[in-house]
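Across the two complexes that follow, chain A remains constant while its partner is chain B and subsequently chain C.
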Partner chain A sequence: MTYTVEKAAMTRLPKDGLMDMAYRHRVLLSAVFLLVFPLLVPFKALAVNILIYGLYALGFNLLFGYLGLLSFGHSALFGAGSYACGILLVHYGMPWWAGLLLGTVAGGAMAGIIGMFAIRTSGIYFAMVTLALSQCVYYIFYQATGLTGGENGLRGVNVSDISIFGLHLYFVDPVTRYYVVAACVILALFFLSRILASPFGAVIEATRENEARARASGYDVRRVRLVTFILSGGFCGLAGALQAIHLSIVPIETMHYETSGLVVMMALLGGMGTFFGPFIGAAVFLLLENVVSLWTVHWQLFVGAVFVLCVLFFPRGIWGSVLHWVKK
Partner chain B sequence: MWRAPLQGNSMAGLSLELIGLQLFAGLALGSVYVLLAIGLSLIFGMLTVVNFAHGAFFMLGAYVGLWLLSIGVNFWICLVAVPLIVGGFGLAVERVLIRPLYGRGIDYPLLLTFGLSYIIIELVRIVFGKSGYPVDTPALLQGAVDIGVGYFPLYRLFVMAVTGVILIGLWLFLERTSYGLIIRAGARDPQIVRVLGVNIARVWLMVFGLGCGIAGLGGLLAAPLQGVIPEMGGPILAEAFVVTVVGGMGSLLGAVLAGLLVGVVVSITSLFAPEMAKVAIFALMAVVLLIRPQGFFGRAGLMS
Partner chain C sequence: MTVDADIILRTESVGKRFGGFTALRDITVDFRRGAITSIIGPNGAGKSTYFNLLSGAFPPSSGRVFFEGSDVTGTPQHRFAHMGIAKSFQITNVFPQLTTHENIRVAAQALQTCFDMWRPRAAMKQLSEVADDLLVLVGLDDRRDRIAGTLAHGEQRALEIGMALASRPRLLLLDEPTAGMSPEETRIMMDLIVKLASERTVILVEHKMKLVMGISDRLLVLHHGELLAEGTPDEIRSNELVKRVYLGKREH
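And now, the complex of A and B:
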């Protein structure tokens, strides 16, 4: 992945002042953009979907783009967050914020469990083992009908009114809903930006670039991988929890391996290992889905074709190509 | 996956005969895993490509079989024709889509074949429809035979026999022919083989086609047992991955033993705790990863 090295070098040492400023204030920039974003999208529910899947892709990208581990089991992390939030709200009557918080924790915990086994392998094995373990999680959630609703999904994750510091918001209103989700996403973006800018962020990228050298520098590569996987799980868990309160239901398909494939597709389309790539990938993917599924039911054919074409001719993705072009 | 012949009986009905029968059912189930896993392992060993479309090729084999049977082709001819058709398709895939990716990192062929599986599944949905079909067991192979511990479906014995024939054939091909020698050498060191004047690209092409053809045959054999449905490749791909991880990537012997073991584990678990049968496979993998991360016969170096 030589292009990511170029990219990393560029973002760390930008040539001109404008890029430097954009890089420094990337979270603020995204926040401003997300404020006006709903005005650009045909309908609000789609904007919320883009946010949720963007956050999911962001969590995935932390692992694949920055650490270089390809996971095909992220549906289990996303689903864990979704189900944890749903179960706590439906069965235990917890407030929405506890659902989101514990959903994030559940995503991280699921990543910890899967990671414990999967981290023992690397390279090509990792993709296979994560896929297999997520399939296992799928079966477990499918069987536990009492808790998860099984095949029918977990229904009744209803959040209508939320209050933050005395401020009462009507969550059913799509605009309010968008801004509540956007606030969570901006928080996550800030957190991710801090992780990547921290010394640990540098270790993550060092591990991707040269595992042996990172190990020789005294870093416990296996622990770096596990911690990054858990962090990635936290982001995906939050995305899942937001999805649960957005849809008011947790469908069993959330756990399906196609949900893992989806996020790989979005990260690839947007640009792996770039900060904004996953969001752009999610936005383009969902907007395309919205358009294409109007004139054909065989949307999956299109997904596969875009996937194959991206790998063959467009491995940098949209945002990665833009960065590459700006650099030239 | 198809159901084991006797599922979820109460403990009172258990007997040695029942366990013996279930063991045989497990070996039959394992045979299908073996057919998928040896293809995966062969392709990985040679090309260092993990074929995420392997499940789709399996499904394609079942559908090509269904189509040939429906236009009146004899089942025995199908046994030859289906692997040839699916293998031919595999050749085209390697030549057009995978070859440009050699040398570009190990993740790209994996991502590409994953995308390809979407295309294959959706094309099958367009041609054959979204719902599944049952497939009749060939007339000659219906009924059951006494295998000492009780009556066992003849067709399942046939599946085991075909797998055995394929394995022996493959072994003879790899160990006793000059082409097999090139394949084994290529798996060790493709550079040297190329220097010796062998067109390694063509060898890779043939190996990919061979692996896909065997997966297609597996699909055809599984069709009468479980019926066909466009999504049938997904779960079995995950299970075949478990087999390759347990057996050790790139090892054919590992794929065979682990495939049979996984089949037996599923079958025996479904006798005692049917709802745990699916999870047991992955528990087995988790244990193997903890104790011996490279699998039974895997080379530790292949993992990184």
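And now, the complex of A and C:
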């Protein structure tokens, strides 16, 4: 058996060692980027938004880019995290960290409920079922005014001071806020990287590549899908919870299907199935929105045109195209 | 039912209907352990339908399937690999964007873990070694790090067999393993099948009767969804009914 191992080592000689190394340290590189990122962005609040939507897109990308399932109902997962965090802070006076933790759990739980119905289908049917179910969730949250504030949104999700292991931070300060959110995002990136590199990550890839073959190899494809959907929900739930404490309010639009469409655009723009693409997508989208809306109220027309051009000429997305180009 | 250790697989009057169309009718067969059994028949005879019943792609409309004495009728497809039955598809079916090595490695992993999300997969060294050994067995060790989708047709078929073997099956089911192959590739594949059959039971579906005559221990001939004949290659060769079906086909 030793000869095969030697052979394996031989063929693994680094052809493009730099890319290999970058790939192995992708979490570290992403973290470094996120730490210097606010220096490049005009407004810190915008930088925080990019982090949050990037994390949301990251969760979506796990399902769409890595497993190959297109969901149009991710607003329900994002919203579940957001509302769970908001409700726990406002109505139950829980600390911020419990809000984030349980927001993550809520995102996963919501994904579990929606997923139980949706994973029976695939393709366009999966997209439609998730859309329909997320609209049901929207309606429920819209009606439950006592708990969610209904149309007016859930107000008063105020977090001003936070202390971590004896370290007191003033959360209202935009820079501090950015780095607290960035810490959560980097943690999420670390978890995602572990998942993708794990045996289960291999199963996700295999299921995307060929469902029939994955099943014949002995994988329960339905359960693989459900578990991936729940993981995706966890990441999106955390993003939602961070949004709640960032905005100090949970607007009902969080649950709206526009929020589902937004994440599809961000993921496609950045590059589906790439590790860091979702953040690039979120950054480009939100920066465009911010800059263009200074000139004209018709910023959506402009952003839409950029999106269409990107899909037509760079189907790999911005980050996906960059990676492809560097590899060449 | 008494368990006969010589019988690895048994179908008991299985049939399959698709809507109003009866694809397969009342087929009772015992498959012997350690043998190569080939299922042959002209186009539309129900070979693939029968194969799909054996491999669990869908359940029969009537009748029962027994594997090693236990009833496996209606068992979900993904359980079959765990029970010891593996299959290759008629249409080449690999993970096209993964490397050849990873194709087999992930297939082998199915028996050990699915939902392990924390360990790096590289830490499961022994799976990687299993994959390397299987690559040697199916003759693809020099294609280890190639993307599977870029392999030649014959190589992809060999890879698929490697993936099927990754679950260490006692029963290997092959659906037209030489479909679309050049004569040279066909010869290599036939040699491989004979080699594999020394350690496990093989059932294969084949359209071209001549091809399997030399290597099969037993043959089943299907025609219009019914079992026309069953026996050794010599018995089948001299069977009048079979002659008529195959000769009749040759007339036009």
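One rule holds for everything that comes next: the second predicted complex is superposed on the first by the 309 of 328 C-alpha atoms of A that agree within 3 Å, B and C clash if a C-alpha of one lies under 4 Å from a C-alpha of the other, contacts with A are read in each partner's own complex, and residues count from 1 in each chain.
Keep this in mind: contacts are C-beta pairs under 8 Å (C-beta built on N, C-alpha and C of every residue); 3 or more make two chains touch, one makes a residue touch a chain.
Since the structure is predicted, the reported quantities are computational estimates derived from the model, not experimental observations.
By the touch criterion stated above, A:T121 is placed in contact with chain B alone, chain C being left untouched.
In the superposed model, A:L70 lies in contact with chain B only, and not with chain C. By the touch criterion stated above, A:V322 is placed in contact with neither chain B nor chain C. By the document's definition of touching, of the two partners only chain B reaches A:G261; chain C does not. After overlaying the two complexes on the shared chain, residue contacts for A:L28 are found with neither chain B nor chain C. Touch criterion met: A:R213 reaches chain C, while chain B stays clear of it. Judged by the touch definition given at the top, the superposed model places A:L288 against neither chain B nor chain C. In the superposed model, A:A202 makes contact with chain C only, not with chain B. Annotation: chain A residues 1 touch chain B in one complex and chain C in the other. Put simply, chain B touches chain A in their complex at residues 44, 48, 50, 52, 97, 100-101, 104-108, 110-112, 114-123, 125-126, 234-235, 237-239, 241-242, 244-245, 249, 275, 278-279, 281-283, 285-286, 289-290, 293, 303-304. For chain C in complex with chain A, the residues that touch the partner chain are 55, 76-82, 86-87, 89, 93-98, 102, 105-107, 109-122, 124, 128-129, 132-133, 136, 141, 144-145, 163-164, 166-167. Across the complex, chain B is touched by residues 1, 70, 72, 117-118, 120-125, 127-129, 131-133, 135-136, 139-140, 143, 211, 257, 261, 264-265, 268, 298, 300-301, 303-308, 310-312, 315 of chain A. In the complex of the two chains, the chain A residues touching chain C come out as 1, 4-5, 7-8, 11-12, 194-195, 197-203, 205-206, 209-210, 212-221, 223-224, 227, 231.
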